[in-house]
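Questions regarding the structure given below will be posed in turn.
First chain written, first letter: the chains are A, B, C, D and E, and each begins at residue 1.
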């Protein structure tokens, strides 16, 4: 079998030879990559390259056909999706997954009480007696994360929030899980220019607290934030390198960037 | 004087509704003839629908009990009667006008409980004997697999001498081709089957359209082939043999007048259920007459009930010690009336003065 | 082509548009820009008849279409690429494109033309839209709208989640459409890229139109973009 | 020989189930309306057939009446009630259609009385044909199987190979978007619903010679029809067909063999009642097993 | 004071004063009717716990109703007949029989729930129906206990301090338990657990990514609900003094479901109103005309079509925060569309 990745500077997240097929389609081909402690690692690639599929396998929503996923030096390939957040990974979805009938604050509050999977049983989420909403401390905490993400209307039902506002909430929830590893699938998508700018600052600030695996098509953001970039094409890693290396790489330009960065 | 209220809780909705309708009308007819009186005592009918739900039936009767109703009847199906009778019979009179579940016929028989139609097993025991007399040696017997159905086949076997193959069908089964195929392959001397209402219609129709009627004669009881079912089955029913204690073909004055009046009143031929209810009304009537309508005096009322004096549409009628009927049973054949419409024809008396086997266990 | 006057609309109790005005001349490309939650999508939904306005009028090609059923408005030539994709998950890519395709009008767009624009979709032809990647869904939504061969396209954040190359392809495509005389209303956050295509920007703030002018004018007026777009 | 006939019987019961299920596949499986009133349209069809045949003496008229009546009633119901339910939760649909069941049953009772009524059927339907040497089989039942098959093919083509089919499915996914893309989905749905009801009418007609025409005949078949669809896989015609076959066979074989088995295993006293329970529960047990192994049914719409 | 609280107060007052009313109006049978309101209220509210808050639309809840009744009934039967049941001669004592019955229902709920929760949506409805039917047919195959016909009980259980044979005392017991049930369920759905449960209903994917194990929460709720429904069954057996398989038939399940929807899914109090309306109408119309269904149906329709959230919705007006179908989220086709609490 695959040996545990070398532990001198254990990467927070390590993928080893991941492989995933959907019928005829080979969506992930022998992907290996490391996300180091405190780094922002961008994952870019054409549409349908397999980025979300990769996230899916990291978060356990999809089972890889081969290969392994390591979190903080522990092999979590076999764990089920709901067991993984407890080990310190949080995720923001590309297509918002929110509790539409609750207001933003409640959405975040749920993320707070289920930290480490609500494992602390009766003090945590699995408590049939303790009311959720009449918990001032909890709610204040929730508010903090909301305005971190820049959402100004905490008490409006999510169903009534605009697309962009939902994207912000999506981030707020991920932050509230206060995980060691954030999996962000296109956090900027649907945010207006100024919001994207704020988000860029926010993520920049998070560096110290946690590591981030960032999928984003907004190159300004990516180039501004990423310590390293991995380019995925047709399910396989094209290259992993610094901003400079990736920018200059002809294959990347043709396959992905087009003349985009020529403009700025 | 304040009319005697009679709680008539029967099944009016659901597919079985037509049974309730007929017994209600049969009973009402009797009341009508005595213009509002039974046995000279003014009565008031409180008709309600139990939707064939024991619980519902019980709710309604309990309500009526609280309101002080003393005489109850109308319950058609044994599960309904089983639910209602015990609580009613504590301090009121329950007259079961159609079914006679075995629990109340034997050791657990109750003083204030009467069955005026028959004890459930009797008709099937009679059918068994008839089958013997008709000289059948090998028979296939079928019934839906529920309490009533199982009792039916037990009853039949208890008196049938030949060998039988039992086939149980599903309650409310739709398609009988599997059973029919089995029957054809066994090719017995005759078939005995007990399916009521819709299932009965389905069975006979499919039996007929599978062309079995000509090859293998069918024996059944009137409960499996009442007049309505006859209409709904049509020509396919012709040739089957029916056991019943009453039929429109019966040559009894009371019966003939009853049939005419019913026909005139409601514009349709009465079923066995109407006839039973009609008799029940008269039995209650005779008791009311004897007690002058003082229904609060239960013991007296009950005594009067035990020896009813009335013109039964079934000819001779009496109660056994367990307050279930002792009466004649008839063998009827379904024949073509000339226009291809099936009509009953009386063949002969199948059993004279037949009571039921449970009577001996009853200490009344 | 499209004109709305003093439009008031919202969702049940919550009001969103307060007298929104907007006008798109035939053959022009106009953008609707503003911060999150200012009412861009609501405007679009109201134009399409998916939300009933409480006040105001919607004219399409001169005809008053206020409060008409969505399909009438679509038949009047409006082609919508909705926010958040909203492809039909249980249909295959091909079916998504064909189901609502319209043979009416010049019939410029065909399956093949769309496939040429997005080769991805051809590869995924038989796959159910549910399992498409975000970007692929976005392409599908665009292709679906094109297949109705509309006289006017409405794109609500149509470039969201698309790789730069594809985005460029789409903008090129819009340029081409414009050249062919198509009318387009586009909602997008990416001013830089839009500048290539649009004739006029319309800036919306709290359900009202607050500024309008050419990209050049907008570039020349930083205080505007700062005030209403926060950049 | 008996086996062959039994298989044919199983097949024919399956055909019956499929006829009943076909309409529901459209309305429930594809349009996504939990329509408990489905049986009612079936009942309306049967009664109409019986009534017309009685009064005109021609089965042809009866057939026409069955389909027209069911469709017409469907049209009325859709216009007045169902169309308000497409966007509602399944639960609202359950209660509303349940109400329709109550109402329709009682209405039929008031119109036709409570007694089951006769649908006179021409003798030729019962004439046995020799499908195999020494195995006569009533023509009617063969016809039945044939029509079942025909309907299956028709439905399959309609749903999977026509633009109409696509639109119906799209409408179930996102009503508004279909509308906003220029298709008058409302009218389309009315049409489909009515078609579904017409199929019920057909089923009512086909079954009338074999089954009692009585109030409440709808509910008797309703549940098994839903079982068929769910076992087969909601929303696919192939599923409905597979479901019908599977359920039909399980039921038939269950009735044929479970009692014998029980006699071997249990004391006679218990055997009969236990067998009875098992036979009756067989299709439910089967459904449970299927769903446990394949939560979305045998042949779900799309993997 | 909001219309909600007002409504609740009125209800409590009504239930409290009913026997008095009955005697004033000289309509003693009202007490019986009200007892049924209370009993079915308990069942309906318990069902709402899973339907309204967990989107688990169980079509087999009658099974628990039936089981509850049968356990106490069978124990009583053996006690009175004096024939031992697995070496134990049954019991009439409520304090013994009821907890046992509740335990049985809870256990059955645990098993049925565990198996059924592999599915969701329509499939969940049908698989619960399947298990319900299995229980039903099991009960019909017990000749000793009357098979299909069921059996009468000769007296209610013995409960210290309360004479269950006395209608009024029995009524107050049921009403009290109903109140207790409502209070408990209310507490539960507003607890942290309750919100996670509701969250699961709105977006399972999000919940899982928060580290929530869907099964654990749903199963817990299902088991609670089953136990509550079982309690109703127990009370019913003691009220009607009669148990029969059709306590567990799918018609009964449907009836319970109808009550919940009629009253207002996800409102707890609503289902109680639903039960009252359903039974009340049935009784009223039933006495008025034998064609009562002809009017019952349309009445139900009116409530569904014009009340957004059942009777409760009609009475309390639009809920504080109503769900608006956002242009952003397309309604799911085959999957059950959820109803907001």
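Keep this in mind: a residue touches a chain if its C-beta (ideal position, glycine included) is under 8 Å from a C-beta of that chain, and two chains touch if they have at least 3 such contacts.
Heads up on the chains, UniProt names are A, C = ABC transporter ATP-binding protein; D, E = Branched-chain amino acid ABC transporter permease.
Note that the coordinates shown come from a computational prediction; the quantities given were computed from them, not determined experimentally.
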Shortest contact path, chain A to chain D, counted in steps: 2
Farthest chain relative to chain D (centres taken as mean CA coordinates): A
Most distant chain from chain C, judged by the mean position of its C-alpha atoms: B
Whole-Å gap separating chain B and chain C, where each centre is the average of the chain's CA atoms: 75
Computed distance of Cα centres, chain D from chain C, in Å: 44
Cα-centroid distance, chain D relative to chain E, in whole angstrom: 31
Approximate Å spacing (C-alpha centroids) for the pair chain B, chain E: 37
Contacts with two or more other chains, residues of chain A listed in rising order: 160, 163
Interface hub residues of chain D, defined as touching at least two other chains: 105-106, 109, 169, 172-174, 176-177, 235, 273, 276, 280, 301
Per-residue overlap in chain B, given as positions that touch at least 2 other chains: 12-13, 146, 150, 171
Of all residues in chain B, those that touch chain E in their complex: 12-13, 47-49, 53-55, 58-60, 62-63, 66-67, 78-79, 82-83, 86-87, 101, 103, 146-148, 150, 171
Residue numbers on chain D that touch chain B, as the complex places them: 2, 5-6, 9-10, 12-13, 16, 105-106, 109, 113-118, 120-121, 125-126, 128, 136, 138, 140-141, 207, 209-217, 220-221, 224, 252, 255-256, 259, 272-273, 275-276, 279-280
Sites on chain E touched by chain D in the complex: 51, 57, 115, 118-120, 122-123, 126-127, 129-131, 133-134, 137-138, 140-143, 147, 250, 254, 257-258, 260-262, 265, 291, 293-294, 296-301, 303-305, 325, 327, 330-334, 336-339
Complex contacts: residues of chain E adjacent to chain B: 28-29, 32-33, 36, 140, 143, 146-152, 154, 236, 240-242, 244, 246-247, 283, 286-287, 290, 292-293
Interfacial residue positions of chain C with respect to chain D in the complex: 48-50, 69-71, 73-75, 79-80, 82, 86, 88-91, 95-96, 98-100, 102, 128, 130, 144-145, 148
